[in-house]
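Accompanying notes for the structure given below.
Note that the chains are named A, B, C and D in the order they appear, and that numbering of residues resets to 1 at the start of each chain.
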Amino acid sequence: MSSMTMSPRIASWLQATPFTLIMTCLVMVPLAIILAVSFMDYGFAEIIPEFYLGNWTDLFRSSLTVDTYATVFRQLAMVWSITLVLGFTISYYLVFHVRSNMWRAIFLAACAIPFWTSGPIRMISWVPLLGREGLVNQALFGMGLIDQPISWLLYSEFSVILVYVNMLTMAMAGPIANSMAKISPSIIQAARDQGASEWQVIQEVIIPLIKPGIVVGTIFIITAVMGDGFLVRAMSGNQMNTPAVAIMNEINAFQFPPAAAKSVVLLVIVLGMVGLLLRFVDIRKELAR
Amino acid sequence: MKIDTDFNAKNLMPEAEPPVEDGATKYDVELVAVSKSYDGGAKAVDTISLRIPKASYCCLLGPSGCGKTTTLRMLAGHESVTDGDVLIHNRNVTDGAPSARGTSMMFQSYALFPHLSALDNAAFSLKIKGVKKAERHAKAMEFLKLVQMDHLAHRMPAQLSGGQQQRVALARSLITRPKVLLLDEPLSALDPFLRVLMRTELKRIQTELGITFVHVTHSQEEALALSDLVVVMSDGQIMQAGSARDVFEKPSNAFVAKFIGGHNVIDVEGRKVSVRADKCRIVQSVGGTNIPAEVTNIEYQGPMVRILVKDSDGKEYHAQISDSRFFADPPVIGEKVTFSWMPEDEWRLAA
Amino acid sequence: MSEQESKGLSRRSFMKGAAATAGAALGSGVITGFPTYWAQASKDITITHVGSIYTTNPTVAEQANKDLGFTIQMQTLDNTTLINRLLTQPETVDVADFGNTSMGYFKNKGILMAIPVSEYKYWDQTVPLFTQGTYADGKPYSMQGYAPIKSQYWADASAQEYSTAPTDWLVGIPVMYNADTLGVRPDLVPHKVESWGDFFNSDFAGKVALQDGVNVGVPDAAVALEAAGLMTYVDKGNMTREEIDKTIDLLIELKRAGHFRSFWTNFDQSVQLMASGEVILQSMFAPAATEVRTRGIACQYLPLKEGSRGWYIFQSAMAHLDSGDKLRRDCVMEYMNWCNSGFNGVYFSRQGFYSSVPDLMKAQMSENDYGYWYEGKPATADIIDPFGKVMEKAGAVRDGGSLWDRMGNVGIWNTLMDEDRYLVRRWQDFMAA
Amino acid sequence: MGTKRTTSFYVLSFVFAAFLIFLYGPMFCVYLLSFQGPEGGMSFPMRGFSTVWFETLFTAGGRGVGDIHNSFIRSLRLGAIVALLTMLIGLAVGMSFRRRYPGGNFVFYSAIVSMIVPGIFVGFGISLTLNMLGMRPQWWYSGIGAQLTWSLPFAMLIMFIILGRMDKSYEEAATDLGANSFQRFQYVILPLILPGVIGMFMAGFTSSYEEAARAGLNIGTGNTMPMELTGLLGAATTPVMFAVGTLTTLFMFTMVIVTLLASWSLAKRRQLRLTAHHA
């Protein structure tokens, strides 16, 4: 075994080589090309390799940029706060209230099964649920709560947020539960001993201790919401425009340079947000703890 | 361990109980036929009854799995009681919340809140009560002073050594002014030197505060050194409860005699008796029981020397003799000796 | 991509003669009964055909493999992925289908082959919509939008520019076509709809949907706005910037007022919208209206006085074939001929699309089927789709009538405007509003 | 904890139950509508109850079925290979991070970038790059490569979790006992991190099975399952879609159960062997 005599640094490099090659060739290089393309002119479905700043000036001049980011940040704020509260509640229940490991495993599996259905199918299945003649409206009608179907259940900001919450709550709950599981039960008991009520334990002990989990979950939520265009289009009935949707629309119209410029901006914003969060938590240390 | 001369620990416990008026409140803790079983399985604690007098240092002693920690946790309210009653200060707290019992628990792992400084850890219960910041910090500082941690008040738990963490945990427990402090193997994670130091410290604080400490340990040395009341447990039952001296001198059964150490358990005419090792000799005793044996091992323990012998049936005995006596005529391993003791040193054990 | 362009150019001029010779040789041949050596050599060839869900189908592929002796590999792609594939990886494709919304992309690209008219056997029998740029009766049709004749012929064999006058070089072989209009839920509409203008009638506020896109949705909106008297255009299929601005501003106003229920991107969404009652009036594709009806829900596909919106799908061969293996190119031409020869056309005709060679269809379809789908005659027996499902009961008449009733009044064609770049930007504003 | 249940337990149980209902709401529609009657459509009401859509799914050339069968097989094949590579490469990169080394940060942050860049752009960028290099995309290199950019960062995070929690002293003990680095890996590290390695395989498979944005332009001529479904949704769809949903869920469910049972019986057999040795 040659690595026996190899310096640890060389061994690390060798071990990281396949990974790094893939990330470099298939992520970094394409990103560099996208950056380059953002400075090019375009015609009908063609990129004209000449230096052109128009994509960038358009981007910074257009009210579209502000509008789309306002929309996506509003959605992000709503999705984040709902998934945070819901994800926290679920992990708190699973970690501190469910006592049997078997039930915990069963509950977790139950949360995972719906995600084994292919994405496109999951997406279309909301229509029979939320539509004018969908199950929810029929149930409400049957209970006599409404006398005509609620139309804002589908193709509205409500449905966008709802489906985001449906898909992302577990992404938030996972890291939070992971952090919670690391809290020693004796710490909770110590707090109870000290006279803290359940709510005070949550406030004073659990929340401060699961901050890293919240940060990791937040990163997942930010990436998913900022990067998604499909869900917004499908669930808003194509009535909402976010930066990712705008990029998709331009890609669909084969207008790559402005789409590239928008992607660079989106990437910088998302990286900035994630970078900021990573300052508060060392993700590597946190995962390993 | 120097203590400020003007520092009176008793002042930290202003809400002391009114003076004892009747016999009923002579005890800080009473367990009445308490049992614990999990999911209908075997009993972890089996119908134990125990009374701990006021302001005493009580050690629950036993091997792991004997039910001592479960008993402590039932006292604390961290474990539900399957059967029986728990009384603290003559008040039935069997179903009471942990914080409403007047107990406070110090965990084996210390369970300090990792996100709070030593000061904030100590001040935690006051924060819960809604005490203002300046006030609770001042109060917490007093308690940190009691445990001699005031100089490290602003450190985070991760920056403290094991012994220091323990002191903070102690301050945090005491600040709730418990009637009974529960300690779960508080010394087991410390190195031997610190262990002895902390032991003294615990006893000092207990004496100064004048409250009851219930201390779980598997070390008989610790139990004997600290206790006013030693409770030896095995298999979920109390084997013996009594003063340290009683337990050592008059073990109630073979288990206690063996577990407390320093005893030979010997069959004499079909009866089990215990003989303290330090009462045994390795020379002929006139009027005593003499057994021919062979020295198998010699352990030097400083003031005493422990000698292990084996008789012709392969039965093992040990004797502890003073170093001066030992070195007067030191036996060697393999030497044929006579192992002996006097009948008055036999203590008859329960069957 | 400009590199590609220049490569295409040089290759094109070089290959010109060779291709013509080969074309002449094959064009005179027959489909079946090839010399054995040809069948032997071609059996290892696999042709990659990419297209939409309408034109790529395992049943058709299976039949083609059976009939032709070489392998057809079909791949169904959504339109974006498809055009992207053609533009960035044309060599990975042999045959591709696309519609008039994409025709603007292929000019001056050198991606598509100039198909010699002589190599396509059924050109003479093809409807004049494509060959001449007229209706069957010889009358010219609307040239608003990408009318078929605007992109049917290459100006020359270099396959760079389109020609509106017939030449010897085809951009693509027309496969299917139809005309779309508004669909309604007659059970739910407040009054009868006869004009596109009703789309913006406040009676329908909150219950209409538009296709989400600048190639179909915008022309529809333009026709409706003009019909409602809100706008006038020089050419709705190719608007000026001012027209685009005015149109989008008007649409934004309507959107903010809650006039639109939804915007659909695919067939299924439009069906769902209509079937679920979310929407009672929307522009939709013909089979979508049929699909709603087969679910037992009333849905009418309206003949409107402003005419319909026409569309077509071309099948093209890729330019790289000319410079590659000649046998492969021969197989591709063979396959493209096969596609319009019968089985495939009948297959999609029975789903409500029109073949560009109706006479060939007539010969191969049952009288009842042809009568119902092409001639507007009442069905003499149940109309059954290729999957065995009853689509209409005996006695039913196709809404919109015969082929020429439906295709005879096209107001506008699906389009890709010259100001696409600007339009997409403004459409984004509309979406964000 | 053996204490009594509090009110909050019942409240939280209710919240969790409600969440499960919310999670399963659309799934319930999928499962139920896959048994839609032959005349029924993609939405309620149910027009009868039948298995006709499952039959359609298994009829060649069935309406709305497209090329689902082959695309499913392709997805499984692709998923298995991506999972295997994810496991191996993820394991290697995880091992590299057990010591600090120059360039480690680049490796780490490139993975973070890959996780957060919209997939469609990675896919488009790769296809543009291939095009510039004059390479034809094929599922077995560009398709797999594109998907690896998505699955590998997750594998790396899993490795962080596992290796970080592993007590270094095991390995040191093995070194003391004379194991070389290879033996150390084989006999000490690998058995200890095996659950994580299996986790990486599963994560690799799932991310590949669901992924279309990156692979779409780089897969070559054969559609994968999500691509095929997206393509099919462009036209007349029938409850066959829901039948596909029901069956694939069932399939995945079976796979997971079988995997669990297999690993369980493996552990059991190992246990038995050990006890036999000791007896």
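Keep this in mind: contacts are C-beta pairs under 8 Å (C-beta built on N, C-alpha and C of every residue); 3 or more make two chains touch, one makes a residue touch a chain.
The structure presented is a predicted model; accordingly, all values stated were derived computationally and were not measured.
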Chains contacting each of subunit A and subunit C, listed by label: D
Centroid comparison with subunit A (C-alpha atoms), farthest chain: B
Chain pair with more C-beta contacts, A-B versus C-D: C-D
Subunit C-subunit D separation of Cα centroids, rounded to whole Å: 38
Approximate Å spacing (C-alpha centroids) for the pair subunit B, subunit C: 89
Separation of mean Cα positions, subunit B and subunit A [Å, integer]: 53
Between subunit A and subunit D, centroid-to-centroid distance (C-alpha), Å: 17
Residues of subunit A engaged with two or more neighbouring chains: 124, 127, 131, 133-134, 251
Subunit C, residues touching no fewer than two other chains: 79, 84, 268, 272, 276
Subunit B residues counted as touching two or more neighbouring chains: 78
Subunit D residues touching subunit C - in the complex, by the definition given at the top: 39-43, 47, 56, 60-63, 65-67, 124, 127-128, 130-131, 136-137, 216-217, 220-223, 227-228, 230-237
Subunit D-touching residues of subunit C, taken from the complex the two chains share: 48, 50, 52-54, 57-59, 62, 73-79, 81, 84-85, 88-89, 91-92, 266-268, 271-272, 275-276, 287-288, 291, 295-296, 385-387, 389
Footprint of subunit B on subunit A - complex, ascending: 184, 186-187, 189-197, 200, 204-205, 208-209
Subunit A partner contacts - residues on subunit D that touch it in the complex: 1, 6, 8-9, 12-13, 15-16, 19-20, 22-27, 29-30, 33, 42-45, 88-90, 92-93, 95-99, 101-104, 106-108, 110-122, 124-126, 128-129, 132, 145-146, 148-149, 152, 156-157, 160-161, 163-165, 180-182, 206, 209-210, 212, 225-226, 229-230, 233, 237, 241-242, 244-245, 248-249, 252-253, 256
Interfacial residue positions of subunit C with respect to subunit A in the complex: 1-2, 5, 79-80, 83-84, 87, 104-105, 107, 109, 206, 209, 212-214, 255, 260-265, 268-269, 272-273, 276-278, 416, 420-421, 424-425, 427-429, 431-433
